[in-house]
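You will see two complexes here that share chain A, one where it goes with chain B and one where it goes with chain C.
Right after this comes the complex of A and B.
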């Protein structure tokens, strides 16, 4: 049984501009200890997907459909108490901007301790000792001082380490990292990235790593899922994705990214802008920006096609460009829903 | 911490000096002759001159100010032109009565306002929110002197439950409390509305911040998240509470007049109609000093709650 199973997850926001379909029929699985990168540009539904995994979307003006099964329990069917036990206890989250994600009027120590007291049967002293250990674990140089500091008193890198310490406080099995390095300096980014990878390996954590940075995904992930306009458009083991991108959007992302051997070659931006999620086109959402667009792309949404073992893409052109798959898709950890939406 | 308080106290001195100049100038710039109000209409020119001399009104204004300030610092606010009593005594009695009313109406307004504001924020868009917001709008919209008159008509005239006038200073504690009820309610209306709205919007601002989502993502219980929100909204709420308490003390002229409550507002009202300049100056100055002290207290409280506000 996989640690996390997401089936046909949809999240819709009822806004003044109409119904915004932020996440639209997303399905994937994740095994214990696996690292999945969720790639895509801003507004593609990555963060909304993460929040849905924790059941954090309120009921007002938000509709969540589909299944999010964590260790056999559907998050959307649990009562609030059981969900609170899950959050922080089994699944925890690291946010993009630690300055805004930490409470400014509580010390780092207080914020770690309260998390421990929520989920563990500890007294205050034991919780404080454990908080110190956690800061050691995330390699904070002077843990005692950090415990007594308020978020504005420490550097961005230290703040993100503290955030990770809070997330790891109750030994979760799944860590959701929402662009945890985006708000940091490049040098600090690398440190946090190495720390997360090291912790993932050492603690056997499963990680979903949301990022728009392909380099980051290549560093940390076993597999990647590319999101566009609320859908997963391509999914593959990480090396396979880089060697043989099958969806034109993934190709576009790679050509728009600085990489080794890039010198002398121009970066190719993807023309146009992401679609309005309140008024999605009837066909493929990427069609208006796609260099390979055809009539059928505009007319009907593409089904999910198999490119190779564990490699799936939601594009009309896959059978023609990559032929029939040589083998049936193996049952691997990361797997797109075969049903598609056609 | 104590250094910060000391520095703020020193900074309060120029503020108070400025207030004293304005108070002094304002009263002297206003039209009307205070002497004419106390002297009989047929008084001789020599009598009027003598009275002016006795009060120091014949000297140039800057000299009058320095002399006045010198006495004020020693606690001598002069004598009332109308009653000849020492102003400091009148102001003291009135201040005590006003303070009692300010405290009781503030306790009522703060308690109900904070509770309503928080409830409204945590139930945003629900019926409870609309009810609380409706009460807030009524609170800030209804003129409190009108509300006072309605309260008198209903509870004193029609139902005959509570007294309408005065403070009954010599009737014992129970009688004094009974006299307090109606003015307290009338005076609490406006701050109740203001506080409900400020608390609601402050709490909503905090609720919209990412760390609230992060707190919920840690699996904290709602009441624990509530505590975080209240602590974050507290500095903003304190500021408004301090200001409102000051207004309660100074802004009760009309309500005190309606209920004939012998407080500073009532005294101020009396002094204005009698052109009793020493009393007018004394009351305004004492109220200004109170405002400055209150703001200082609020600032100190804020630094205690929110570590981001510097305490060098």
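Right after this comes the complex of A and C.
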């Protein structure tokens, strides 16, 4: 049984501009110990999906539908108390901006200890010892000093390590990371990516890594799901995704990203901008920007097609470009539910 | 692709310095100085793109503001087309700023939310004395050139545009004055990758079309390598290496430049970063390390790196590095020449 199963997840926000369909029928599975990158640009629904896994969306003006099953329990059917138990024990989260996620008026030590006291049956002394161990685990060079520091007194990289320590405090099985390195300098990003990869291996953690950066996904993930306008448009093992991108959006993203040694060649941008989520087109949401667009793309949303083992794409052109869909069972850890297609 | 730079620089910066005081306490006494830019020199030749790369706190954005005298330098000289910019009067400075324009990182924060984008672009022309009707006409033409049809977008407000469109407005606003030099401070960093490519292509087209000279500031080494002919690498307020983009990419000399290249994700799952190339965060510019400022994170640090700071010295044609590892090399070069 997979650690996490998401089936036909939808999140809609009721706003002044109308009903915004931020996440629109997302389905995937994640096995224990696997690292999945949720890739997408701003507004693609990747962070909203992540928050829905923790049941963090409030009820006011938000409609969440579909199933999010963590270790056999549907997050959307749990009461708030049970959800908190889940957040403390099984799933935890690392945010993009450690300065806003940490409380400025408490020391790092106090914040780790509080997390432990809240979720674990420990006395204060034991919690303090555990806090120190956690900072060792995330390789903070002088843990005692870090414990006694307030968030503004330590560097950005150190703050992100402290955030990860808090997230690991209750020994989760699934770590959700929302752009954890985006606010960091590139040399510090390399350290944090390396640390997360190391922790994931050593602790057997499953990780969902939300990122807009193909390079970051290539560094850390076993598989990637590419999101566009609230849907997963392509999903594949990470090497396969880079070697054989099947969705025109993924291809476009790869061509538009500046790489080393591209000097002198014009970049191939994706024209236009992502659609308004309050007024999605009836067909494929990427059709207005797609270089391969056809009549059928505008008329009806595409189904999910198999490109290869564990490789799926939501594009009308897949059968023609990549051959007939194969029918063998998908053995890869992460896969997109075919029944959940629109 | 980059035209061979003619040897008369358009912009000459020598020994530029800016230290910001930190004040506190009852009497607002200065208790420390942020050494944002410390003895920075470089030249920019007509029609080239000079890239300036470095991490947060390296002084690259302060440098952009110093060059245009939006922030007054403490020391150093800036010559633009041979003219001493720091000696210019207020009236002359206004003239000079027509020729040197700045594009900021945050395309939303740098636009007035109460002006339609047509008015925003026309505004700089009005400031410089263009009659209203002519200003509007030129603004509309400029918007069209950056890919925003003035009939569709001219009357819209900044909040009605996407990030990429707003950055196009900022570029139009800078270019409508027909400047010679454009200083771009992280112009694509706030944009999604697919939109980044659109704006980078637009900037390249405009540069060729109008024989513009760019100073392009970014923390993204891939972008810097892509757009620049020559590159200046900064660390904690100082230049640690400068050279052609090709020379830096092929054979980076300074341990910091090497680390920057090694830390950049490869976009290849089979070539992941094996070990983080550097430990720790960049130190604070308030109290930078003595001697070479990079020595606290440098794998090759030697005892005398803490002494006198290393000076920029030549390690090849148009390639300078400030590091004691290469001083011996530079000395040999000097003798054999």
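The rule is simple: the second predicted complex is superposed on the first by the 330 of 342 C-alpha atoms of A that agree within 3 Å, B and C clash if a C-alpha of one lies under 4 Å from a C-alpha of the other, contacts with A are read in each partner's own complex, and residues count from 1 in each chain.
In the analysis below, a contact is a pair of C-beta atoms (placed from the backbone, for glycine too) under 8 Å apart; a residue touches a chain by one contact, two chains touch by 3 or more.
It should be emphasised that the depicted structure is a prediction, and the values quoted were computed from it without experimental measurement.
Colleague: So, A:92: does it touch chain B (first), chain C (second), both, or neither?
Modeller: After superposition on chain A, A:92 lies in contact with chain B alone.
Colleague: Which of the two partners, first being chain B and second being chain C, lies in contact with A:264: first, second, both, or neither?
Modeller: A:264: touches chain C, not chain B.
Colleague: Please indicate which partner A:16 is in contact with in the superposed arrangement: first for chain B, second for chain C, both, or neither.
Modeller: neither
Colleague: Let me test your reading of the model: by the given contact rule, A:152 touches which partner, first (chain B), second (chain C), both or neither?
Modeller: first
Colleague: If we overlay the two complexes on their shared chain A, which of chain B and chain C does A:114 touch? Say first, second, both or neither.
Modeller: Once the two structures are laid over each other on A, A:114 reaches chain B alone.
Colleague: Is the number of chain A residues in contact higher for chain B or for chain C?
Modeller: C
Colleague: For A:59, select first, second, both or neither according to whether it touches chain B, chain C, the two together, or no partner.
Modeller: Neither partner.
Colleague: Return first, second, both or neither, reflecting whether A:202 touches chain B, chain C, both chains, or no partner chain.
Modeller: In the superposition, A:202 touches no partner, neither chain B nor chain C.
Colleague: Is A:106 in contact with chain B, with chain C, with both, or with neither (first, second, both, neither)?
Modeller: Only chain B is touched by A:106; chain C is not.
Colleague: Residues of chain C touching chain A in their complex?
Modeller: 1, 55-56, 162-165, 192-198, 200-201, 204, 219-223, 225-226, 245-246, 249, 259-260, 262-270, 272-273, 275-282
Colleague: Show me the residue ranges of chain A that touch chain B in the complex, using the header's touch definition.
Modeller: Where chain A meets chain B, its residues are 51, 54, 56, 60, 83-89, 92-93, 95, 97, 100-106, 114-115, 118-119, 150, 152, 163, 166.
Colleague: Which residues of chain B touch chain A once you look at their complex with the stated criterion?
Modeller: Chain B residues touching chain A: 125, 209-211, 213-221, 224, 228, 231-232, 305-308.
Colleague: Which of the residues in chain A end up touching chain C in this complex?
Modeller: Per the stated touch rule, the residues are 41-42, 141, 155-158, 185-191, 193-194, 197, 212-216, 218-219, 221, 238-239, 242, 252-264, 266-271, 273.
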